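Shared between the two complexes below is chain A, which has chain B as its partner in the first and chain C in the second.
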Partner chain A sequence: MGAELLIPNRSQADDSRRLTGTLAASRAAEKTPAGSWAAETRRYLRVFLTFARNSLIRDMTFRADFLFHCISSVAWTLMNVGFYLLVFRFTMMIGPDTGWGRDEFFLFLATVWFINSLVQAFFIPNANEFSELIRTGGLDFALLKPIDTQFLISFRRVEWSSLSNFAVGLLIAGISLHGLATRAESPVYLTPLTLSLYLFFVGCGVAIMYSLMISLAATSVWLGRNQSLYDFWFYITNFSRYPMEIYNTPWGRPLLGLFTFVIPVLVVVNVPARILARPLNPRADWEWQLAVWAVIATGLCLIASRWVFRQSLKSYRSASS
Partner chain B sequence: MPIIEVRELTKSYRVYRKREGLRASMRGLFRREYTEVEAVRGINLRVEAGEFVAFLGPNGAGKTTTLKLLSGVINPSGGTATVMGFVPWERRNEYRRRFALVMGQKNQLWWDLPAQESYRLHQQIYGIPEDHFRRTLDELTDLLEVTPLLGQPVRELSLGERMKMELIAALLHSPEVLFLDEPTIGLDVIAQHTIQRFLRQYQERRQTTILLTSHYMKDVAALCQRVVIVAGGLVQYDGSLAGIVDQFSGKKIVTLQFAAGNRPEDLARLGTILETQWPRVKIGIARAEVPRVLATTLRDYAIEDVSVEDPPLEDVIADLFHQVS
Partner chain C sequence: MGDPHSATFASEPLPPVGIGDRVRTWWVIIRTALAERMAYRGDFALGTLMRFLPIITQIFLWGAIFDAVQTADQGGADSSLRIGGYNFPEMVAYFLLTMVARAFSSMPGLATGIANQVRQGEIKKYLIQPIDLVGFLLLTRIAHKLAYYTVAIGPFALVFFLCRGYFTDGLPPAHVLIAFVGSLVMGFLIGFFLEAAIGMISFWTLEINSLLLIFMLFSFFLSGHMFPLTLLPDSIGWLVNLLPLKYLAFFPAAIFLRKIPDEELAGELILEAAWLAFFIIACRWMYARGVRRYSGYGG
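What follows is the complex of A and B.
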């Protein structure tokens, strides 16, 4: 680094012109409609993979914290397993004629852990950070980037340690499926169709949970601060983690309606879990209707969350410089 | 065709006026009083491509708000603005690919990761071709002398090093317009100097249009041909740095050195005495009066040396800020 750099020499000037040229060409290429959709998808995918990779690098930097988080969340899940095993020493089924015996119910629980661990790994840290970015004005930088802001905010961080519960879920699901398939009376087998439907509805469940969390985080724009995010997550997961039949009492029905149709957290786990565990054999008509509603609810939730997100950006004030 | 055109741009905020004390806070739960704060009250500005313009103004003058409006981070309350033909707050990707905003008080790099990981991410987000990315990164790290720091977690860097890394992040996609909000705030003299030198070289090489806000006169004097003074949400001055003194200071500073043993008592009649260090006396004199006062002085006193200067720029600007606020 020296004084000669003060005067741009010819080759450097040419160089920067050439650089500007290639960039202009690549910008022009992005604007052409043919193949732009595929190119955009690739770009978004690459950005997501880089986010995931950077998060992993970060997690590995703080490996003790990473391990501790894995251990504590797996321990919590195993405590739950123990608790429900105890419960099933006193009863054969959750409610009469519901079909939720031990294996079915543990498949339900595995679904809870799949969905919760996915939401906790991919979206809870981001939703939480989003509300922090609004409060501190850090959202400025996200708004400057030439990429969909909701995408950027929703996928910035992956909390890999939360996926440890996913592994526990796999284990429990495996044991339960084995139990269901090998029992003497009306065994339930896993078919490619039920598995695909299951995965699809797990995806829907994650999408519904995501929509709720990101909408709630976006309200920080109007509220100034919003620290109830984790509380809210705790409440709604508490409602969604049991078979919906338990609400089938006179005073439980309003709750059933509220959490099925207004804040549709009950369909999140119930729909995929019923498809796989098949508590009612043959399946009842209302189960299919519920599945159709789950698809509609997913679409509505995603649209609503997009709308809330955009409104919040319009009202964003950016904190002091 | 100017690259930045701003007409009657305004931005006001509604702020909750909280009164002191618990009782007032309780009342505030039910009825809130709000006041409108006009951060920007009608800014007009035209900037041609390749200009390096400084925004000066006291804290709260509306400089940062203006930059945020031009970056599309916030929506205006009124007025229009176009940058490279785009309306900033529409936040179109075509626009966002072509400019950058650097804020000295905020950081966008991943705190726990080395800066190069954040740069990779920028490459993906902006879709920068690999060869272009490599060359730009090499050039920038070389100019800012930070190549060995690329692999260090950002949280372990000094403030000056971090600011350089932030600048690189903002320049990787070769923006045509660059907004710099106090890029040298809190930095030591050496780091300030490096960043000034870098910005000058970079601007000369690339002819990037730059808008800079800074509280350091040295930044402005070293970099900008044009100065826009913003105070009270309005443009108070738009011109050269030297022009500020001509326009806003009606006086000159005359330094008189008296011959040995001469200590006249009646100097106050000449003008405002600013400093007395016998045998030297500094007197502030209205500009129009300077020839007459000098003639009188030379006639009445034994003088060894005389100099006539403009008042220091900082003082003129401080006076101006004071008047406006």
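What follows is the complex of A and C.
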């Protein structure tokens, strides 16, 4: 039963045995008095690594399919690159005096692809499956496992092929960073400080996206079925794919406020991309404030999504048998 | 299905099917499909409205681009600036009009539906019953589209009303409007027969998902859904202009915005009709060949 749930599509005896073993080991670890924070973390990490390995094994079973997924998602990304190259044939910058010239903007896009590929690899398959588990009543089995349910639901599957866009992002970020560092006028160099800040804020961005996704998925408890979940998520996060300056018009300011403070998708890409695209000093006050807000927003989103998830479990009444 | 002649045995000569009977059959198919679609109209209307959200970001993006070019050019606002032949209000109008064109030409689930039927053996039913697969699918699709328009007209009217300021030239003259409607209808048919033809490939390959993804990729960027095709540099622009994908989004919008000179309009429409004829023949031919190859997989 447990194996069925953990490996929903295929019955690979090997995987399930390994997984059952890991869970049993983690259960044993829980009972020991030394179940300290560090031990707990190690336990969760081990379970996660098992999930990741199982997913990779499953992906490698259908290698041609895997390869095709990689190629098609890279092709979509390259078409987008083509579109923006086209746009920069007509303009030097996105928005007057915003500083989003070609290299800066492609750095922005690379950040979009980093975050999106991470979300697509780790969370979207799980969120989709969560909705499905609620609808079919399969969530019962997840609730019985001796591990945090949200963790189990959120990390069970990894779609490795989605990480191909991460590689494209790396390539484009490399080219743009090179362009920024070698240009004649006010070059921008990568420093260890900016890089670590960048990585930190990319992490915050991923956490915000995760919170949004898992909250949306949890609503299927109340809605019964949530087919347009992915659509809705796509339409909302679509706003995060552009520099926030473009919304700075009389019409756009309400949207700017809404997507910065209520559903903070605008800080997801804007904050990290901005750190890398410009020298750290001098910065306007509002940029620092925005960065601080991004950290606060991440915390709030995580807490809120945890709360929504808990509430949804409380309202869950097992479907079917 | 609703055909009264389906009970006739093949040993007796079939009486000729009158046009009245045919129309009655079509009407039953359309009515059934319509009822099926109207069952979830709330979800439907919300979905339609949400589909305008990406347009909002497009408008802001292009607004920022036009602003930047203007500021760089002369440091002042100048509404005569054109990118790819479009000024800013026209660009916004263009994206709204491609939404209309896509509402006609997009065929969600058509090719995969055919592929599934081939794979699961359901296609047998069309070989036994006196119903033509392509005709049946076309009628169902028309019904789905009709249902879609009855629900979607609300959100569309709302968005067009809010954005009326971007249609600076008002309504085009009657002959352009007629050409626009004609291009929409032909866009619907080209979309249908093109995607049905892709679905027919499943007679040979069974699985078409990969192929369909590639088609969607090209159709998204080269139909003009993402940007007016006149933006493309001449080195690839001429090739994209030769492809029939432009009829799915770019062409109707360009007609409405009078980007196609009057004297070329008739010629362009005839060319579109020729493409339509080509896809109808291709689809029919592939179906005929496919059925001969078909070996009834599945149940």
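Here is the rule we go by: the second predicted complex is superposed on the first by the 283 of 321 C-alpha atoms of A that agree within 3 Å, B and C clash if a C-alpha of one lies under 4 Å from a C-alpha of the other, contacts with A are read in each partner's own complex, and residues count from 1 in each chain.
Definition applied: a residue touches a chain if its C-beta (ideal position, glycine included) is under 8 Å from a C-beta of that chain, and two chains touch if they have at least 3 such contacts.
Only a predicted model underlies this, so the values are computations on that prediction, with no experimental measurement involved.
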Contacts of A:Thr61 with chain B and chain C, given as first, second, both or neither: first
Contacts of A:Tyr316 with chain B and chain C, given as first, second, both or neither: first
Partner chain in contact with A:Tyr235 - chain B first, chain C second, else both or neither: second
First, second, both or neither for A:Arg46, with chain B first and chain C second: first
Chain B versus chain C as contact partner of A:Gly95, first or second or both or neither: second
Contacts of A:Phe261 with chain B and chain C, given as first, second, both or neither: neither
Touching residues on chain A, where the partner in the complex is chain B: 1, 5-6, 8, 12-13, 15-16, 19-20, 22-23, 26-27, 30-31, 43, 46-47, 50-51, 54, 57-58, 61-62, 137-141, 143-147, 149, 152, 314, 316-318, 321
Residues of chain A that touch chain C when the two form their complex: 68, 72, 75-76, 79, 82-83, 86-87, 89-98, 228, 231-232, 235-236, 238-239, 241-243, 245-247, 249, 252, 255
Touching residues (chain side chain C, partner chain A) in the complex: 43, 47, 50-51, 53-54, 56-57, 60-61, 63-65, 67-72, 83-84, 210, 213-214, 217, 220-221, 226-227, 231-233
Parts of chain B lying in touch with chain A, wherever the complex brings them together: 13, 64, 68, 71-75, 91, 93-94, 96-98, 100-101, 103, 105-106, 108, 110, 112-113, 117-118, 120-121, 124-129, 131-132, 135-136, 142-143, 145, 153, 173-174, 181-182, 197, 200-201, 204-206
